[in-house]
Amino acid sequence: MTTALNGEELAKKIAEAVPGSVVSSDKSSIIIDGKSLLQVAEHFKNKLGFDYLTAVTGVDYIDYFEVVYRVVSMQHNQSIFLKARCYTREDPALPSVTPVWRAAYYQEREIYDLLGIKFEGHPYLKRLLLWEGFNGYPLRRDYL
Amino acid sequence: MLEQFGYVGILLIIAILFTVTIPVLPILLRYIKLIPHKKNSEKTVSYECGMSTVGKTWVQYNFRYYFFAVLFVILDMLTIFLYPWAVNMKDLGIGGLVAVGIFLIILTVGYIYAWRKGALQWK
Amino acid sequence: MEIVRPDLYTPEEADIAEGKLINSFIENCTSPIPDPDRWLDEEIHRNILLTSLDMAVAWARQRSIFPLIFGTACCAFEMIGASGPRFDLPRFGMDIIRFSPRQADVMLITGTITWKMATAAKMIYDQMPEPKWVIAVGACAISGGTFRESYSVVPGINRILPVDVYVPGCPPRPEAMIYGITRLHAKIVKGTIDNPGLSLNKEGKETR
Amino acid sequence: MPVKTESFYLNVGPQHPSTHGVFRLRLTLDGEVVVDVEPIVGYLHRGIEKLAETRTYTQIIPLTDRLDYLASMTDNVAYCLAVEKLAGIKVPERAEYIRIIISELMRISSHMMAVGFYLNDCGAFFTPVLYMWREREKILDLFDMLCGQRLLYNYMRVGGVSQDLPDDFLPALKKFVDEMPKYIGEYNQLIKDNEIFLARSKGVGILPKETAVNIGASGPVLRASGVKWDLRKMDPYSIYDRFDFDVPIGEVGDCYDRYWVRVLEMMQSLRIIEQAMKQMPQEGPVIADVPQFFRPPKGETYGYIEAPKGNLGFYIVSDGSIAPYRLHIFPPTLINITALKDMMVGWKVADMIIIFGSMDVVLGEIDR
C-alpha cells in the first residue's frame, strides 16, 4: 500500500537538511520555498530515495500560482506532495526540476504553455500543446 | 526464315503502341474534358504529412548507397547476357559453354575484388 | 486563401511560420464554405453526346473511390472498424485506405480538427487531385461537437474545406458511416464530368 | 577517412499512417540513420481541462471518455475514483465488481490494439490487426449490450455505474472468457516465434531500467524494462486486493519485451475477470445515492488507476461549488515518450517506426 507520508515530520527532516526551505506543511503535503526547490528535490532524490516523480500540476489560485509535485519512493513505497508557490502574476518563475527527475520534462513545458510559469534551467522550454503565435495562457483564471 | 521475323515485327508494333498510348491517354482525356484539370499552387508542393518542408534536401549522402547500386547494375547486366545462351544451350554446345564460363569467371573476379575491398560492409 | 510558401531553413523558422499561418487561418476562416450543391438542380444542361459517357464515368467513379482517412481522434478507430472484416467497407470499392493525398479521391475527416491541425487539413485537401470529395464524420468534424466552445477547436470543418456529406454521431456507428458513403455514391452519379459536385458562388466563379 | 555527410530534416508528420493519430516527429536524418528526434504534440489539443472548469462533476464524465478513446471505460473509472476519494462516497459492492470486470475487458481490448498496430508497423500490414479486431468486436458487443455504445461509453457515474448488467451479459462474458485463451494462443503461434518478427524487435529501442524510472514511465513500458511496479499490486485501489494475479515484467526493455508484457497481461486480466465473476454478489444496488448536482467539500485529491497504458491520474481541486476549480489529467503516454530520443538515435528509419509503435501512444490522452 503506497503510504502517504505525514507532512509534518518529513518537513522537520527537510528543514534541518535544507535550512529555510519549508514554508509550511500540513498532513499530506509540504510547501517549499521557490528558490530552494532544486536543493530539496536533490535531497529527496538522493538521500530519501524518492526517485519516481509521478505528477506535476500547475494551479492558478488568483493571488498565487501553485505547482504541485507528487513524488513516490519505489523502495519504501511511500508518496508525498511537494508544493511550490510564486506570487508574482506578470512573469512567474520557478526553478525546473528536470535535471533531477526527467519525468518533469514535458509536464513543465505544458505548464509553461498553458499557465505561463517559466521554469529556469529547463533544457528546452517551448510551447508544447499550442502553436507559436498563440497569445495568452488559456488555463489562467483571467483568460477568456 | 523471313516470316519468323514477322512475329518480332508484330511485337515491335504492339510495344510502340503501348508505350505511346500510356502517357498520351491522360492528356487526350483531359483535352476532351473527361478528367477535370484544375491547377493550384499547393498541388505542386511536395507532400510531407501536411507540413511544409524544412531545410534543403540537396545534401551529401553516405557513399555506401552508391556502391550497392553499381554492384547491382553490374550483376543484373550479367543475367541479361546469360539469357540468349540459356535459351538454346544444347545447339551452342561446348563452345558456348566455354565462352559463358570465361565470361562468368571474369565477373566473379571483379565481384570478389569488390567484396574484399569492403564495398559491401554497411559502414 | 492563398498559402504563402517561404523557403524555410531552420526548424524555429518553420514553427514561427506555422504559428503565423494558424493565426491567419483563425482570422480568415470565420464563415462556413457553402456545400457543393451544383448537383441538386436537375435540369443542368448536359450535351447529348456525353450523356452515356457521363453515366459510364460517373458509375466507374462511384464504384471505386479511394478514401484518405484524415484520422485525428476516436472516429478514426470507428472508421478502421468499419473497414474491418465485420462491417466490410471494401464492398464499396473503398478497399485500400490511402494515407497520401496523391492517390485519394475522398477525404474522410474523422475526429476533432483543432486550429493547429487545420493548416495540415487544408494543405492535404489542396494536394488531392480532382475530382475530390469530403465527408465530415462525427460531431467534432461537423460542428466542433463536445469541444465546440474550446479555444483551440475549429467549430466545424466546413469553415476550411467544402464538405459533401455529413455523418453525424459521436462516434457514428460503422453502419452510419457506410450509409454516409452510399449518400456520396448517389451524389457522384448525379454530378457531371467536368464539375463533379463543385458549387458556384454568387458571381458564378467555382469555389473550391 | 569517413565520408563527410550532411543531415536533413524530415517530418513524420501529423497525418501519417504509423503515428497512431496526429503525432508529429521532426527527425534529423543522416542518410537512413536517425540523428535527432523532436516529438511535436498538440495537434489534438482540445483544451479538456479548460472545458472541465465550466461543467458539473457529472458532465465531465463524457469529456473523460474522449481522453484515451481506446480504453475510455478506464478513463471514466479513474475520474470517478478521484471524485469519490474527494467526496468520500462509498461505492456499493456490486458496482465495484462491475467496474473491475469492465476495466479488465478494456485492458484486453487496448492491449490487443497496441500489439496489433505494433505488428502493423513491423510490416505485417493489417493481418494481425484484423485477427485481433475479431476478438475486439466481441468485447465491443459486450459493451454494446451493456450501455449501447461501441467506443465511448459514458457508462460510469460518480458513486457506481449507471445501470445494472443485462441478464444475458454474464453468459456472453463467460463464453468470451472461456474461448479467449485459445485465441491468444493463436496470436502467439502466429507471431511469437516468427523469426522476422524476432529479428526486427529483439534488442531494438532499449529503455534501460534507471532511465525508465527517472522519466517516470508507467504501465507496460515500465514493466518491460524490468521494474515490478503495478498500481493494482503496489497501491491497490477499489477492490483489487481480493484477486490474485501476477505482474509480468520484461528483462531488457526492448520492443520485444514490451510486446510480450502486453500479451502476458492479457492472460492475467482474464484470470481477474474469472475470479471477479465468481465472487460478484448476485444482486444489490449499483450506484450510491449521489445527488445530480452534488458539491464535494473544499480540498484537493489525486486519484489514479493502473490504466492499460500506464498510471492515469486525475488531480482535482474543488472549491465547494458544483464544478471543479481545477482538473488536471496526468497522461501516462506523454510521460512514457520522454526518452524517445535516447531510444531512437542511431537506429534506422524503419526501426524508428517500430520503436514508436511499441510505445503504444494515444493522442487523445497526450494532447488532452
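By written order: A, B, C and D. Residues from 1 in each chain.
Note that a contact is a pair of C-beta atoms (placed from the backbone, for glycine too) under 8 Å apart; a residue touches a chain by one contact, two chains touch by 3 or more.
Here the structure is a predicted model, which means the values were calculated and not measured.
Asker: Which chain lies at the heart of the structure, taking centres as C-alpha averages?
Answerer: Centroid comparison flags D as closest.
Asker: C-D versus A-C: which has more C-beta pairs touching?
Answerer: Between the two chain pairs, C-D has more contacting C-beta pairs.
Asker: Using CA atom averages as chain centres, what separation in Å is found between subunit A and subunit C?
Answerer: The computed centroid separation for subunit A versus subunit C comes out at 44 Å.
Asker: As a quick test, compute the distance in whole Å between the mean CA positions of subunit C and subunit D.
Answerer: Those two chain centres are 31 Å apart.
Asker: What is the distance, in whole Å, between the centres of subunit B and subunit C, each centre taken as the mean of its C-alpha atoms?
Answerer: Averaging C-alpha atoms per chain gives centres 38 Å apart.
Asker: How many Å are there between the centre of subunit A and the centre of subunit D, using C-alpha atoms for each centre?
Answerer: Once rounded, the distance between the two centres reads 26 Å.
Asker: Which residues belonging to subunit B are in contact with no fewer than two other chains?
Answerer: Each of 49-51, 53-56 in subunit B touches at least two other chains.
Asker: Can you list the subunit D residues in contact with two or more other chains?
Answerer: Only 9, 13-16, 26, 42, 45, 47, 50 qualify.
Asker: At least two other chains touched by the same residue of subunit C: list those residues.
Answerer: Counting only residues that touch two or more other chains, subunit C contributes 11, 18, 116, 120, 124, 151-152.
Asker: If you look only at subunit C, which of its residues touch subunit B in the complex?
Answerer: 2-3, 5, 8-11, 13-14, 17-18, 53, 57, 100-102, 119-121, 123-124, 126-127, 129-131, 193-196, 208
Asker: Applying the document's contact rule, which stretches of subunit A touch subunit C when the two form their complex?
Answerer: Where subunit A meets subunit C, its residues are 130-134, 138, 143.
Asker: Report the residues of subunit D in contact with subunit A in the complex, numbered from low to high.
Answerer: 41-42, 45, 47, 49-50, 211, 213-216, 218, 227, 229, 234-236, 300, 302, 304, 311, 313, 315, 317, 325-326, 328, 330, 334-335, 338-339, 367-368
Asker: Which bits of subunit B are touching subunit C when the two form their complex?
Answerer: These residues of subunit B touch subunit C: 33-38, 40-43, 45, 47, 49-56.
Asker: If we count contacts the way the header does, which residues on subunit C are in touch with subunit D in the complex?
Answerer: Going by the criterion above, the answer is residues 11, 70-74, 76-78, 81, 84-86, 99, 111-112, 114, 116-117, 120, 124, 146-147, 149-153, 170-171, 173.
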